[in-house]
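Order as written gives the chain letters A, B, C and D; numbering starts at 1 within each chain.
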Amino acid sequence: MEGIVGVFRELDSTVEAIQALKKLRAGNIAVYTPAPRHELEHIIPHGPSIVRLYTLIGGLAGATFGYWIPIWISDYWPLVVGGKPVPSWVPYTIISFELMVLVGSLATVAGLFIHSRIPRITMTVGYDPRFSDAHFGVWVECPPDRQGDVTDTLKKHGAVEVRGEQ
Amino acid sequence: MATVAPPGREVGPNIPEANIQLPSVRNYRQVTDEIRRTLNPTGMWLAALLAAITCLLIGLGAWMWQVYMGLGVAGYSPPVMWGVYIVTFVFWVGIGHAGTLISAILYLFRAGFRTTIYRCAEAMTVFAIMTAGLFPILHLGRPWKFFWLIPYPNWRLIWPQFKSPLVWDVFAILTYLTVSATFLYIGLLPDFAALRDRERNPLRKHIYGVLSFGWRNSDTEWRHFARAYLFLAAFSTPLVLSVHSTVSFDFAMANVPGWHATLFAPYFVAGAIFSGVGMVFTIIIPIRRWFNLKHYVTLNHLDAAAKLCLFTSLIVGTAYLTEFFIGWYGGSEIEHSFWYNRVFGQWWWAAWIMLTCNTILPLTLFFQKLRRSTTWLFTLSMFINLGMWFERFVIFDPSLSHEFEPWQWTAYAPTYVDWCILLGSFGWFAMWFLLFIKNFPVVPISEVKEIIPPLLRVPRAVEGIEVTGMHLEYEPETPGERD
Amino acid sequence: MSETSTPTGVARREFLKILGATSAATAAIGCSTDRVDKLIPYLNNPDETVPMVSNYYASTCRECSASCGVLMETRDGRTFKVEGNPDHPLNRGAMCARGQAAVQGLYNPDRYRGPMVRRGNALVPTTWADALTLLSGRLAEAQTNGGAAGAVFINRHESGSFPVLLDAWLAAFGMPAHLSHDALADDAVLEANRQAYGVSWPSLAFGAAQLIVSFGADFLETWGASVPQQLDFADARAKLAGAPRFVYVGPRRSLTGCNADQWIGCRPGSELTIVNALRGNGSIGDAAQQSGVPAATLQRLKQEIATAKPSLLIASGMSGAGTALALAINEWNKSLGNVGITVLPSRPVTSLEGISPDGDVAAAVERMRAGQVPLLMVRGVNPVFTSPKSAKVAEALAKVPFKVSFSSYPDETTELCDLVLPDHHAIESWGDAQPVPQVISLQQPGMDPVYDTRQTADVLLQVGKGNAKAAAQFAAPNYMRWLIERYPGGTAAFTPALQKGLGTGTLPHRTMPARSAPPNGAPSTGAGDFSLVVYPSASLGDGSGANKPWLQEFPDPVTKVFWQSWVEVNQQTAERLGIDSGDVLRVESPQGALELPAYVFMGIHADTVAVAFGQGHTSYGRYAQDVGLNAGDLLPSSFDPASGGFRWASTKVTITRTGTFVPLVTTEGSSRQFNRGIALAIDVHELETLGTEQEKKEEMPGDASHEYLPGLRSPTAADAQGALQSSLKVKEMGMYDPNHWSGMAKRRWAMTVDLARCTGCQACVTACYAENNIPIVGAPYQQVHTAFLHGVPGGNILKGREMNWIRLERYWEGGEDGGDFEARFVPMLCQHCGNAPCEPVCPVYATYHSPDGLNVQVYNRCVGTRYCSNNCPYKVRYFNWFGYGEPHRPQYAWPERMNWQLNPDVTVRGKGVMEKCTFCVQRIREAEHRAKSEGRPVRPDEFTTSCAQACPSKAITFGDAADDQWTVAKLAQDHRGYHVFQELLNTFPAVVYLKKVNHPAPAAPAGA
Amino acid sequence: MTTRRKWAIIPGLVALGAIAVLLSAYTGATTQPDTVITDRGAWGYSAGSSPQGRAPVQPIAFPHPTHVQTLGMNCLYCHFSANKSPDPGFPAMSTCMGCHTVVGPNRPAENGRPARKSAEIAKLQQYWAKKQAIPWVRVHYVPDYVNFAHMPHVNAGVSCQTCHGQVQNMTRVYQYAPLNMGWCINCHVGNVKPQWKARFDCSVCHY
């Protein structure tokens, strides 16, 4: 996992650098930005995030569990209360809704963590503390032979600093 | 040194829908520095924390005394079986909801003014719900058996009763606490990364590192983050409405006159958001002044929030009138005598405190001068908190003391134990909130960076907004007062 | 199973408590493990006792002079419940509140543990041997120096053989016959009856009368034998159309007055002039002027008495006129021909024979003051408290060299005595009584004595051994043998009679000593503009009930105030003087002054004020000491010379406001029901039309729905459980399925309360307290942590925290403008609703609807959210605010030995638990177990609840409403039946109230 | 340690915890002997703290096997009111001394055992001489809020062994069944063979 990382101060120079690197096809490109910028998202095409699948599964699981628990309990020990039907599913809708939200949210967070590969014990390659402050970072994962022209492209587009990482 | 934009001219940030004046912030480095500067503890903060903790200990002592000796030490006079504790429970749950409104619902509406104040509001939500969650346990006759309300497999093979609003409450409050805490935490992740990278003190650096779960600000993370944040906001929005509807079902499901109305769910939600916005003012105005965040939380933000407060106050006002109308229109003698007793009889003082604080005083927000005066907003928010506490008091206790059976009509007067525990709840909330503002960023770093234009080599319009002179260096001196 | 080492760890539940998941404080609660460690066997199995199965011993109640028959429920050697003996002719199974509280006298924590003797000015414990030697020494000394003739023995009046033994014993020691005293007895009426009929108390046949007129005679409270009179009165009123009309003439509308159809308020003491006017030898005009009653009313009453035949006229001698009034009434009854029809001298209540009037006791006190009395012996009476302060009995007692008290409680008189030989309680002692001619009611101990006490008769016999004449007369080793010998038919007849508690024959009774003239005769009227009426409290009687917590926590049946003394002021007078309830008034009479909170009351004459007698003890135990004030301080010590009766209403007082405010301890929220349909009544002429046209007129859903749905008790419940094949059906309805083998769902436990019979006497309230271990909350020592009410008697009740599972609501109807008004009594208890609002809101199934129709409250499952009480429209759920049932709490309701009274079948609830009436479910289950083990179904009317059993009006009936064999099923179909709040809330209650029937004056328009 | 393997730690830990809980529940439930295996019982988690198996040391080591098996005495001889009252009844000292005034401490040699002096009978006679009751230690305990009645159970034909175990074999009586609510409910809802007719409404036992 070795490659070159370039540190930029301006957004537009970062964008131009990435467009250039894409033409170069040196290797996978990752961009580090202090805040999500939609210009950068459009440059690296990805499908919609997989996290919504987690949300769907979590929500459905929560909803069914929310209905199943009360109805099973009423049937398990049928006690009539206030003349209401023993398995009165109407009030159980609230339990189902609450569990849908709970399990749905937790599943969404799980999805985010799994697909962002966090929690992560050590900082991975190619990260520079300035990326969370005011600088943009472009990390190109490429074999040593291609590193030369990747460094030139980055410098050409005004990278403040370029260095190799293992 | 050129400012971002001459005052008065509407300059939109890169989020087009945000029609609010850009906070006069120049670039990313300044955002990180200024927000980090709010984190170092000061003497006054420590004093406030100690005060909060003493209030908490007073409340805890009163509660332990009540558990040991019995609920009789509190002011309950049957048939008023629910008193100050349930009023305070609904009061705190209500305050929580505005935080979610500002952070989740306004996120879905893409309201620009939420960005700088949503973190405070969301933190207020989590701590308000933590405070509220104590009360259902605290007001029990046998608090050491509270776990019977949770469906856990037990050797007695008997389960909670799911038709009871109190069991719905357990699910609603726990879900709401979990979801809003998660929502707050996910929002904080990028900020922890920013703090971790700029922190020099090794211990705090390690802690922020652990808290940030190793967040790297990479594009894949931002992509999933955006989606996850959107879904959490999507889940939080109906959750807010359902939680306070469930809390209102505690009363709407009873056949007590004054409680038994279908109006209760929307009425409670509106009341919740209104009291929450009130509390947001109470919190954001002092922080804004002491933490020098005036140029982040500008008067435009407070103006927009004040309009929201006025709007919800009008809803609550109509809700009161509808309640009176239902009581009169229903034609039942029991409702008539109950309403007369609440507004003009035994409880007239509580009802009129509620009406003045919640409907009459907020009408002053129609005047822009008052909307933009922070001292008036702060005092009004104090009245709103008082009014909303009394609104719940007026709904619960007069209804129970003047019910179907004339023989059991009674009066209710809380005792010192009630007030101590109420004070303890404010102490508990204030303690957590004070700890929060000194250890976690009060204004979201990454989101502010998101809405201010980035540093550009070639100045040009960003999404149709002419941004001039954006590439200037930032000298970290303290920015002058913007407004 | 191999030998397993004992897991010495802590049980998980204990672990949770000790871990203190909540806080360290809760650990303090968890320490007292409720586990019984040891099993201690008997040495020898006592015969005829099965552990945990009750034996019932028939005996006689001695709480008042009437001597009703009781069954004492004893289990594992301790008597914990006293119920009426169904075969007894006097009370026929009923039991008044004072009778139920006998058990609290037995286990009273302040009883003397053994004999006491005075050393210096304190009473110190001593042994029986020393005490008896001291007594015999003093007796011998009195006999030798000739002082015995002046000795005085005052005994509490009881019918039976003991007075005979006592007189013989006194004669043997050369002492005069004893005074058999009852402070509540109406001496004037007794004297008048003796002169008119030769018997002290002819029985009154209320059923035979068309019209009853009572001149201040509170026959439902303390006048004569209240339980038999209430039974007959209720039976009479239950005849509805044929029921007598009842008019009450008197200065204060007492509980008896509240049950009257018309109340005529008159100035106290003016009754004699009214009676003379009504009889024709006095003009109506000046009678009206003197009594403050409008002449038209008197005229109409006179006309009504003339027409209604047969009538029953009774009068009380307690007010000023005394014997003259009683004699006039007796003659009037004779002239109207009522004697033999409604007044039956042929069937007298013999237990009230031989009562020495108050005058005799006062005369004895004067002799003591003059120093002529060397020796005084007191048993069961408390003259220092019952006589007025102006009589200065304490100083008189100081002049008696040697005073002996046989009382077992530290009351005011015993505190002054030199020797205390505590008597057994009635439940621990032998005896007999002659309640009615030809019937002997036996008294036997239900258990071994609780403390080191001895029955006075045995003490007398033992002391008698030392005296030659006494030893000759009393050969029997102890009192029991002596009784058996005297019993007509000897031992052979005694043993079978003892089982039923009743025997036939008449006991030889003592000859009453001649009445001595009472001291000063003339009533000193005092200056003030208000005349004072002092009436004996319905629960505390002459003050002897004050040390029993149930009687202190017994709301006054009319004013509903308790744990306190109060002065009743007329409504118009109060408005005129600007007084409202709770303002402290200084009531001043020539004899003394009291500062009492005012109770504004419609039912008292405009220029009269009334104070209840019975409170204000200076000692007499933790429940009575310093609770309320003694009304006797205001009264002069004046007696009616004709009968020796004490004049209760004989002085005028002045009222001045002190400006301070004392909240009244009362359970009354508002006494008006704002026509919410809680207490309904109809007039007698509407009765006929009730069955027919009302049926067609409006059949409200659920209005006394005459079809009682077994199974789930309400159409909604039935439909909800899929009985009508509608909603989602549970795979099987478990025990709610009517054809489930247990047959529980075929049953519906229900109750009917006939408001025509109910007189509001609250015996059911005390019976419920006795059966269900309900804690009292008002005792002064319990007010430890009720904020701002430290040590105030009844403090918890000011916060509305009384625990009466069944309460008597008293609503006024009319009378806002000062006119005549009506009182309606409603016993309100859990209605066991079919659609119970309290059940769906409980989060832990602590309350649910059982298949046999009960709204069950499971005490150990309750977490204490109290939502069920909020949602109950009847407000019949009560919460344990403090640990009333936990022994280590300051608010513990059963201090040592009072906890022997706890019913072992019913859980004692701890702190933080909701409790309510569950139709005595322990009796239901016990009956079902007994029936199952005898292989038969539960027989109709085989058992009933504690309140229905004790009700002296037979107003409450309990049973299975789905099975028409039970009487409750028939009563539930009565057309007078209605449900409370049924039309409003569709709760489908299981309690059917039968409308009260009023009898308006014949000429006056209906509903006057 | 690559990220892949690190990722395996967390779910692994969770799975371990779940298995431990289930195991503890199952062992708790299945410590009952095989005759009362119930599907419901498996989930009645009562392992940790139930007094099951408690066998306290008694002041006198009363041998049930000798009395019941060798002498053939019926349970109701000592526990005389089991069929007449909620309380089974406990033998009074006089019941014991009915025989033991005659059967003294020095036991003769019989069926292969040498003559010996029985300390237990000696202790019994000392108690009786001092007219002092034997302070037996209670073994079976049901909380105060449960109204358990022996009468309906015994009359319905439930044998003593069902709840108290094979007492006739116990040299020292121990608590055979957990006697907790879940365990009672197994019979009452009819999950055991033979099927008992027992009501399981809350107010049947709790009032």
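The rule is short, and it goes like this: a contact is a pair of C-beta atoms (placed from the backbone, for glycine too) under 8 Å apart; a residue touches a chain by one contact, two chains touch by 3 or more.
Bear in mind that the values here come from a model prediction, so they are computed numbers and not experimental data.
Closest chain to the protein centre (all Cα atoms averaged), using per-chain Cα means: C. The interface with the greater count of contacting C-beta pairs, when C-D is set against A-B, is A-B.
For this pair, chain C with chain D, the centres built from the Cα atoms lie 47 Å apart. In whole angstrom, the spacing between the mean C-alpha positions of chain A and chain D is 59. Computed centre separation for the pair chain A/chain B is 28 angstrom, with centres defined by C-alpha atoms. Distance from the chain B centre to the chain D centre is 56 Å, each centre being the mean of its Cα atoms.
In chain B, the residues that reach two or more other chains under the touch definition are 157-161, 163, 167. Annotation for chain A: residues touching 2 or more other chains are 74, 77, 79, 81-82, 84, 88, 120-121.
Each of the following residues of chain C touches two or more other chains: 837, 840-842, 845, 848, 851, 861. Residue ranges on chain A touching chain C, taken from their complex, read 74-75, 77-89. Only residues 25, 40, 43-46, 50, 178, 180-183, 185 of chain D touch chain B when the two sit together in their complex.
Across the interface of their complex, chain C is touched by residues 33, 48-51, 53-56, 80-81, 83-87, 89-95, 131, 133-138, 141, 143-145, 147, 149, 151-152, 155, 165-166, 172, 174, 176, 197, 199-204, 206-207 of chain D. Those residues of chain B whose C-beta lies close enough to touch chain A in the complex are 27-29, 32, 151, 157-163, 167-168, 171-172, 174-175, 178-179, 182-183, 186, 190, 193-194, 196-198, 213-228, 231-232, 235, 238-239, 242, 246, 249, 446-447, 449-450, 454-458, 471. Against chain D, in their complex, chain B makes its touches with residues 153-158.
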